[in-house]
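Okay, so chain A shows up in both of these, paired with chain B first and chain C after.
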Partner chain A sequence: MNQADLLDQFVIEARECLEAIGKRLLDVEQQPDNEALLNDLFRSVHTLKGNCGLFEFKALERVVHAGEDLLDRVRHRTLAYSAELADALLEAMDYSAQLIDQIERHGRIEGAADAASMAHASALRAFVCEPTSVPQLESAAPAATGARHSVPCQDDSPPWMKRLHLAGLTSRAGLLALRYVPEEGCFFKGEDPWRLARTVPGLLQLDIQGAGAWPQGEDRAAWDCYQCNLDIVLCTDAPRAEVEAHFRCVAEQVNWYAATPDAAADTSDVTSAVANAIGCVDPVSPLLHQRVVALWNDQCDLLERVGDSAGTVLAARNAMGHLLACLDNGAACAALAELPEGVQAASLLAWARANAPAAKEAVRAAARAVRPEPDIGTPPQRSDDGSTSQPQKVLKVGQEKVDRLMELIGEMVVAKNSLPYLAQRAEQVFQQRELAREIKAQYAVINRIAEDMQHAIMQVRMLPVGAVFQRFGRLIRDISRKLGKEVNLVVEGEDTEADKNVIEPLADPLIHILRNSLDHGIELPAVRLAAGKPAAGTIRIVARQESDRVIIEIHDDGAGVNAARVRDKAVERGLIPADKAATLSDDDAVQLIFLPGFSTADEISDLSGRGVGMDVVRTAIERINGGVELSSVQGQGTTLRLSLPLSMAVTTVMVIESAGRRLGVPMDMIVETVRVPAGDVHHFKQARTTVLRGRVVPLRALNDLLALDAAPVPNEEGELAVLVIRHANESVGLLVDHFHGASDIILKPLEGVLAGLVGFAGTALMGDGGVLMVLNPKELLQ
Partner chain B sequence: MTIRYLKKHAALEGHVAVDDAEALAQWLLLQRDPAVHLGKCAGVHGAVLQVLLALRPTVKAMPADPFLAAVLGSS
Partner chain C sequence: MHRILVVDDAATVRMYHRKILSDAGWHTDEALNGVEALERIHAQDGGGVYDLYVVDVNMPRMDGYSFVRELRRLGARHQAPVVMISTEAQRRDVDAALDAGANCYLVKPAQPSALVLSAALLLGDREAARTAAQGVRT
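And then the complex of A and B:
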């Protein structure tokens, strides 16, 4: 597996982890005392963090690590789970998802993400940083990792610093102290804490003692010398990064402390003092300061040398101005600007000496001299509770591979359909009846296998509808909190399966529907109580299979749709004429909300009210051959019923013939096929109608719609073939020449120059090798 | 073996590995007046150091490593 594959795998797994985390976060919020859920949540986060460690995704790891620390506290009951905490975690999770998107697109994280990830991480750390957690500084190292953030401005050093004798070392620059408390089982992991500590680069001092008391008296015999009980404190002058790299395997057992000597105020060695003073606070700024100070000194040297050359003085002055701006030293900048225009080199030099940035920095640095450092990520840890080695029973395959397989099977199905033609030819052209029969027998076998194959590949592509429902918990939680409403989401039948291509486009329409329900449907708790309903509204999503359709019902027990208001709004917006609106029944009026541009909301909120709601939903559902029905009882709630095909891969079409051309019409649009005697067709100006079972059905000649210059051909008995299709809840008859029966086809959308063609849904390859154009009657009739 | 258990003391020589920690602990516990000789000791494993820190035998000769010597001397 090369790096790219590994990265793809990482992205897939990270997404899964995030999804699981999102779900668990909501679950845990419901039942904060459920240990199993918490552990599961923690494990997901831990896995994600471990995976991040495989790559150099510091920004991501930082956030996830912070989340892990936080959850660890929650898990150990040192921190209570709260809605705010969940908010922060969810936000961090969203941010992680963004980062993963970035990784997928570019294979890396943009540099700009660093700051944002810091912000998220510190937001999470802020929860850990409660005053009560300060005493934990002396507790076990992993906990202290978070705890040290709780004392960001504490001036005095941690107690363990007393174990080092730094008196003679204060003149040394950039001293770094750390405390390393190895975990108990470290010897069994092949670690040697002593060796690790002893080999620290630039080691100056080292102290070791028992983390707990050493055994005394009788206990000594039972003492297990392989339970590590060491507590190591050391001091080094090596750069932090180097020391960090040294401890990368046990980073969470190490406590850092920048033991900056007080001698920072000594400006004789300005450069090193500054670098030292601010040395380990920020990874970038020490270098910057160092350079600034060096440049400043250069300017001073220059001024000393040149005497009174006005140009050089001006240049030096400009350079100093820029250096100060670079340090954000506004006051000094202003002071510099106040110096007279034609200042002499000597006076500028004096000023520069007096106002050297180093001195100021040293003072500032001294103030924060003994300040614990921010956490700079931790290398991956595989601790014993990490469930990183779950048995893999699921094969992860890219969708395009399955699609390719399905395409091949589709071709197989089509190819197999040519056998009956072959049998026919054998019989009729070559007079080989025996051979024809054998071919037919073989065809039956191949047909069965092909159908099984098709069925099997469909199963592979099947996805439980719950896959889309998953994200709704979060959505409802966020929106209802925002709106101040109380909403329970009940999901039933999330195991119902349908084709991936049907399920995935559902997400957006469903989110629209839920938002509508939340915004317009469910009332505020007070209003609900007044109406005699429970304060918390319920949104129920039920999925089930009905023959070859998947039905999804979204029901809310809110206010329902106000038919009168819908009518008024539709007229007001000019969507239907007022007289027509008045004749509509309440049920029909409610359907008006599906009209493009309809909105009842007077104010546009960020949730809804832009009038792009329900018609978008309907269009999206219809695109996947589904249908939407709405029923609403005012005061009791609204039910939306989505009916979707199980699969879009195989379409059943009716093959018809018109003007000598074979055409397909999707079966799900056909109501019936009838033969109407020519005499029963009524002509009224250009329009033709007929009466079917007491209802007037408008007739359109397919030839006219396709701009073919031929009249419909009646059969021997003078009857016209009428294909009755459903169009916008009404029946329309299409006059065709012949019916040829139904056929299962694999519909291919029109591509290339044909893509813009209106009136056709696509093409299909027939068994005899011919191409069947499949009509889209809806587009034709518009 | 990097530890030679002599009559009066155990002589730790070269680098003393983790496996020797338990045996050393057992031996030290059996002695009335346990003592170790680290004069030829180049280094010890953390577990061995822990044994020395916990059971505090008399150190007859300090190791060459100043840090190790300091740690053993102070305890």
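And then the complex of A and C:
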């Protein structure tokens, strides 16, 4: 493992956390009293914050930390959950997602993020600060533990000395404490107070807080974020002259306080007393030694409160044995080993104290230069076993690996198709009938395995459609709030699965559809009430599988599409002639909204009607071989029905021949294949038609469409081959020369110089090694 | 070789702690929460006896405090020291860890050398402790 792996892991987990947070925030909004949900939410934020701390992602950590504090208060009911709070948190998490994108791309956060992250953090902190001002440090320290932290400051020490924890800090030179309050305009003088403080020689401890109260509520807008509001207290063991030199540029902003030799001596004496008592003065590493003392005291502390837990006593004893071993103190080790096996906590404690007298209070803080945070109002984090959800164990595999597998199996499927040709050659060219039969038998086996493999790999790529729906809760919430509408989202069948490549492109069209429903469909509460509907509208998204298609229906109980208005608009935009519009049924008129350039919004709103309309939705859905149908009942609502393929990996095409060329036509576009006697083809000027089962079907020669200079060739009986395809709700007949069979192919889009070619969906490699061009009849016919 | 069980629900933190500890020359295992940690301890193969536990506080299913309490009820061979690591840095968090029976409390994110030093001292690994102490100094 290296740093890059850790970073990758961080990004993956951070995304998971953000997704979980987003989802939980909405859940909590629905059930604000659900303790388990709140704890779950808190933990996700907490995990994210903890992970940030492993890296130098200060901007991200700042925002997430503020969110964590906020949620901790909500969790402990010292702050009420509100929609505004959720808004701020959602915004902050959106911003965090941006930062994580940056981290993924560049491995770091750009410097510019600092100001924005502070804004987000203080927006969150504002919720906390409003009721009470920042708690004072002195009053915040719990009385019970206050005594444990007896800071060895003399009475005449300035109050800010209390922000340091000098107990246990040892120094030969004596300690020097100082308070540095940068002036407000210091940033404009090119000063960097934080850096200056952090780079103080011999820095032991540092505490930073706001010099004045941070602005709250309305004041925040007016507050000048470029003014410095910092108050830094630090403590160092470097000689004063050196530290003074360090602060020479801002000397007038610094207050000095030399910890008296007594105070310093006190603590160092205690430490050495402990050291001597334990029986070892290690010149190599005072730090090692200091840490042993601190841990020793932790064990004493532990034994003090252990109660009757034999396990804890034993663990403490083991730990002390190891500590002594690290100090090479064989005598003490032996003494410890001589204590009886089931020694009581009290006896062990007495022994431990006897071997390390009087050191406990003074030294224990040494190793733990812990700065109490200004928000001490936080209740302790106790157990919260509320959540029951256990993450499913999954193997994370990069998408490209699965795609590679998919490609390989695609090649395999095609390669195996060469076996029938081989069998045919063996029989016809080499007269090896027996061999041909064996090849065919083997082919059947390989074919079955290949199909199973293909199916299995496709399963890996299957995603529940819910993956796309997840974001919608948030979207609908935000938009409906903005519009002043009340909307409930109902999602059904979100675990219906389809291929990743089908699911992922759905997001944008679906968002567009939902925006339309919210903006044009669902009415304002007052209007709804007047129409006898409940004030809150409902948008239902239902997904289900129907044979090899996935159906997604988006239904709203809004006003429905106004057919008359659609007609007018279409005429006004010049999309259809007025006389034709008048003859359209309401159902047909409603379909006009799919025409390019159609938009009924009278005013361009922020949400929809920015010049992109339903035609964009239809194009996007058709790109993944799907279809859209719209039905609407005026006053009752609109339903959009998306029909999508399960997978785009394998396409079934019908192979046809025209002017000596073999071409593929996607099977799902074909209505039927018929042979029409040449005499039944009617000519009207340039156009040709025929009548099929009483309906007139326009005929187009494929050769003409492809600009091939050849007439359609009839068969021996003088019949023309007509491939009837669906085009814009009508049937159109394509005149071709011959029909061949259907074939499963892996469709590859056209690339390079061919990419701009209109009329072709792509290419496919055939079993005999030839390349089949696959037509896109829709493009051809336009 | 010393065996350490790292218990944390955050995958990134687990990875980080395991790297630090295995770089110091120790064998590490991991568990996602208290329940899993106990399962590992009770496992017949691959789990079992550890020389040190490095435990997060806030975890789903079973948090660090409950885990340590459960651990301390087990037999003598499981009574290895516990280092509790969490993001909170306040006195009451230290107290809560000690109350539960942890032997040491560190604040997240732990500096690698600080974590190794504490772990080495509690494991009785003198060489690793010296190396780590030098790392902290420089």
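Here is the rule we go by: the second predicted complex is superposed on the first by the 519 of 782 C-alpha atoms of A that agree within 3 Å, B and C clash if a C-alpha of one lies under 4 Å from a C-alpha of the other, contacts with A are read in each partner's own complex, and residues count from 1 in each chain.
We take it that contacts are C-beta pairs under 8 Å (C-beta built on N, C-alpha and C of every residue); 3 or more make two chains touch, one makes a residue touch a chain.
Since the model is a prediction, treat every value here as computed from it, not as a measurement.
Chemist: Decide which partner touches more residues of chain A, taking chain B and chain C as the two options.
Modeler: C
Chemist: Figure out whether A:301 sits in contact with chain B (first) or chain C (second), or with both, or with neither.
Modeler: Once the two structures are laid over each other on A, A:301 reaches chain C alone.
Chemist: Have a look at where A:47 lands relative to chain B and chain C in the superposition and call it first, second, both or neither.
Modeler: So A:47 only meets chain C here.
Chemist: Please work out whether A:226 is in contact with chain B alone, chain C alone, both, or neither, and reply first, second, both or neither.
Modeler: After superposing on A, A:226 lies in contact with chain B but is clear of chain C.
Chemist: Once the shared chain is lined up, is A:322 touching chain B (first), chain C (second), both, or neither of them?
Modeler: second
Chemist: After lining up the shared chain so the two structures overlap, which partner does A:6 touch, if you call chain B first and chain C second: first, second, both or neither?
Modeler: A:6 contacts chain C only, not chain B.
Chemist: Let me test your reading of the model: by the given contact rule, A:410 touches which partner, first (chain B), second (chain C), both or neither?
Modeler: neither
Chemist: Where on chain A do chain B and chain C both make contact?
Modeler: In the superposed arrangement, which is not itself an observed complex, chain A uses no residue for both chain B and chain C.
Chemist: Quick one: in the complex, what on chain A touches chain B?
Modeler: Listed in rising order, the residues are 182, 186-187, 191-195, 198, 203, 206-210, 214-215, 220-221, 223, 225-226, 228-230.
Chemist: Under the stated contact criterion, what part of chain B meets chain A in this complex?
Modeler: Result: residues 18, 21-22, 25, 29, 43-47, 49-51, 53-55, 65, 67-68, 70-71, 74-75 of chain B touch chain A.
Chemist: Any idea which chain A residues touch chain C in the complex?
Modeler: 1, 5-6, 9-10, 12-14, 40, 43, 46-47, 49-51, 53-54, 141-142, 145, 148-149, 284-285, 287-288, 291-292, 295, 298-299, 301-302, 305-306, 309, 311-312, 314-316, 318-319, 321-323, 325-326, 328, 368, 370-373, 376, 378, 380-385, 387-391
Chemist: Where on chain C is chain A touching in the complex?
Modeler: Touch list, chain C to chain A: 9-13, 15-16, 19, 32, 56-63, 65-66, 71-74, 76, 78-82, 86-96, 98-99, 101-105, 107-109, 117-118, 120-126, 129-130, 132-134, 136-137.
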